[in-house]
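Each structure below appears as structure tokens.
Consider the two complexes below, in which chain A is the common component and chain B and chain C are the respective partners.
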Partner chain A sequence: MEIKKQAVCGTIQSNDCFVRVTPGEELMLHLERTVLDAFGEQIEKVVRETLADLGITKGQIFLEDKGALDYTIRARVETAVMRANG
Partner chain B sequence: MDILQLREKRDAFERSLIVRSGRTLLTLRGNYPGENKDHPLVTFVVETLREEVRQRFHVEEEYHSQTKEGLFFYFLLLEEGEKAKRKAVALEENHPLGRLADVDVRDGEKIYSRKGLGLPERTCYLWLEKAVLCVRSQKHPLKEVLDYFENQVRAYRVLVGKKEESTE
Partner chain C sequence: MLTSADVLGADTLVFDLEDAVSLQEKDAARTLVREALSFLSFTDSEVTVRINPVDSPYWKEDLSVIVPAKPQGIVIPKATASSVRLVEEEVMKLEKRHGIENPLFFILIVESAFGLFDLKSTLEASSRIEGLILGGEDFTSDMGVKRTAGSHELLFARYQIATAAKAYGLDAIDTPYTDIENMEGLKEDTHFSKSIGFTGRLAINPRQVEPIHEVFSPTALEIEEAHAILLEAEEAEKKGLGVFSYKGKMVDLPVIKRAEKTMASARKWGLVR
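So, the complex of A and B:
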């Protein structure tokens, strides 16, 4: 899969996250952890794993976390990428 | 539709209400864990607090939805955002069922937070920790959290002298 255009997924409601992906020449993550700094590494790990599973090697990923669980982060990133691929 | 899709759709609905009206939006919902939040206990809590909102706020318009996210009420208010948020926090803190609900406030600018107003964050149902930390680390078994919710509703019904009703 490929990030061909800008796309978003998610919300900034509690226990959720908002993801925006845009095309780019290299893979760059921008994580804004407004709720839980303690989980920053875990969030980054989940985002990187999700992107790897989708075969994404380039593009910019912006994520604003509001206390989302791992499965939510995974689902939001997946859907954002799918929307950007279409 | 799963709960994440429902939340995204609801968020868009909330924003459309604000854009159309230019008002502050108050959203009332149960604070109930799990994938299916459409439960009679949640309905009871939310309907009870709906009356409180109608009494405490200047409500201009009211909407509702009922999905797997549970029962929601949406109120467009005459109050400005920060004032509405302070009143919402007071409702969450002072009403016997307030802890079991989320009374959220947003306007065209932002979603208001306790932290943003210098107010203490909510603590967990079961622990003296910030609620968001327990949720994120999934500290407590689901059943313990569900039992807490049910016990609080039962205690409230005794308090107000309502006959114990089956909630199953």
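So, the complex of A and C:
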């Protein structure tokens, strides 16, 4: 699977995250969060795992976190990638 | 709301992929619900998912994503005999493919004139059906009548649903009370639901859960009386009596059965052990 075009998923409402993916030559994550930096590593881990499960090795991933739990992050990243692949 | 759903006190949660989700977000909603089912623990509530109707392009994909996540049940909107059979066929394929041993149950939403008229066929379409819901808003829309505060336009449908559910041993779940600011109106209308045989009601706001529970659970007095009648019935049986008197009133088999149902309801609501 690959990121062929820009796509978005999610919202900036509390407990959600907004994900935007665009094509790119390498895999780069841009995380913006409103919670403590203590969660930054965990969020990045979840995003990278989700991308790996989907076979994504390149692209620009922008994520604005509003306190989303792991399952929400996974769901939003997956949906954004699927939309970008279609 | 997904994350906090289990603490809201509802007996059954319905995660909605249908009317609550815009057409552009159907894919996002089913993925989010799938992930929630896999990640969250639901200890106090049953979990069901309302799929899109079978005349939409979404229902098969809804099932293919959701069934493997193992909700306990599926809520089928605009239920008719043919839609129930179609959904069951698809669910069975998915259960087999994914090795799901506990079959998912169905709750049907009846929300059209034809759906109400053909209830018997619909209820006989599957042995998985455990509950029947009246979809009041869509029903009145289908009938071309106005929805009113007094809900008289739903009277026939409500009686029909409650009676059919009883006939087939199902839960009868009344349509939501849509004025979420009016708690007194909700209680009054829910008392009516209970009086005609409904066993529960849909809540569309967490604040509605407790008032609905209050109406449907037996009172302390009802529980005390039921318990006393059952004790007396036990004694009567030992003496070989089929009928006896309790507080000056005749107690026969129907009264005993009603007392047993009251105690079962009290146990179900956690009011007695």
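Operating definition for what follows: the second predicted complex is superposed on the first by the 85 of 86 C-alpha atoms of A that agree within 3 Å, B and C clash if a C-alpha of one lies under 4 Å from a C-alpha of the other, contacts with A are read in each partner's own complex, and residues count from 1 in each chain.
Rule of thumb we're sticking to: a contact is a pair of C-beta atoms (placed from the backbone, for glycine too) under 8 Å apart; a residue touches a chain by one contact, two chains touch by 3 or more.
Everything numeric in this text was worked out from a predicted model, so none of it was measured.
Asker: Consider chain A as the common anchor and indicate whether chain B and chain C clash or fit when overlaid.
Answerer: The answer is clash.
Asker: In the superposed arrangement, does A:Ala75 touch chain B (first), chain C (second), both or neither?
Answerer: both
Asker: Taking the superposition as given, does A:Gly67 touch the first partner, chain B, the second, chain C, both, or neither?
Answerer: The first partner, chain B, only.
Asker: Quick one: classify A:Phe39 as touching chain B (first), chain C (second), both or neither.
Answerer: Touch status of A:Phe39: first partner only.
Asker: Output check: A:Ile12 vs chain B and chain C. Expected answer is one of first, second, both, neither. What do you get?
Answerer: Only chain B; A:Ile12 stays clear of chain C.
Asker: One more residue to check, A:Arg83. First (chain B), second (chain C), both or neither?
Answerer: It touches chain C, and chain B stays clear.
Asker: With both complexes superposed on chain A, which partner does A:Gly59 reach: first (chain B), second (chain C), both or neither?
Answerer: neither
Asker: Just one of 39-47, 57-65 or 111-119 in chain B runs into chain C once the structures are overlaid; which is it?
Answerer: Looking at 39-47, 57-65 or 111-119, the stretch of chain B that collides with chain C is 39-47.
Asker: Hey, what residues of chain A end up touching chain B and chain C alike?
Answerer: The overlap between the chain B and chain C interfaces on chain A comprises residues 9-10, 15, 69, 72, 75-76.
Asker: Please output the residues of chain A touching chain B within their complex, sorted ascending.
Answerer: Contacts found on chain A: 9-16, 35-36, 38-39, 67, 69, 72, 75-76.
Asker: Under the stated contact criterion, what part of chain C meets chain A in this complex?
Answerer: Residue list for chain C touching chain A: 3, 27-28, 31-32, 34-36, 38-40.
Asker: Of all residues in chain A, which touch chain C in the complex?
Answerer: Residues 9-10, 15, 69-72, 74-76, 78-79, 82-83 of chain A touch chain C in their complex.
Asker: For chain B, which residues count as touching chain A in their complex?
Answerer: Contact set of chain B toward chain A: 4, 7-8, 11, 102, 104, 111, 132-133, 135-136, 138.
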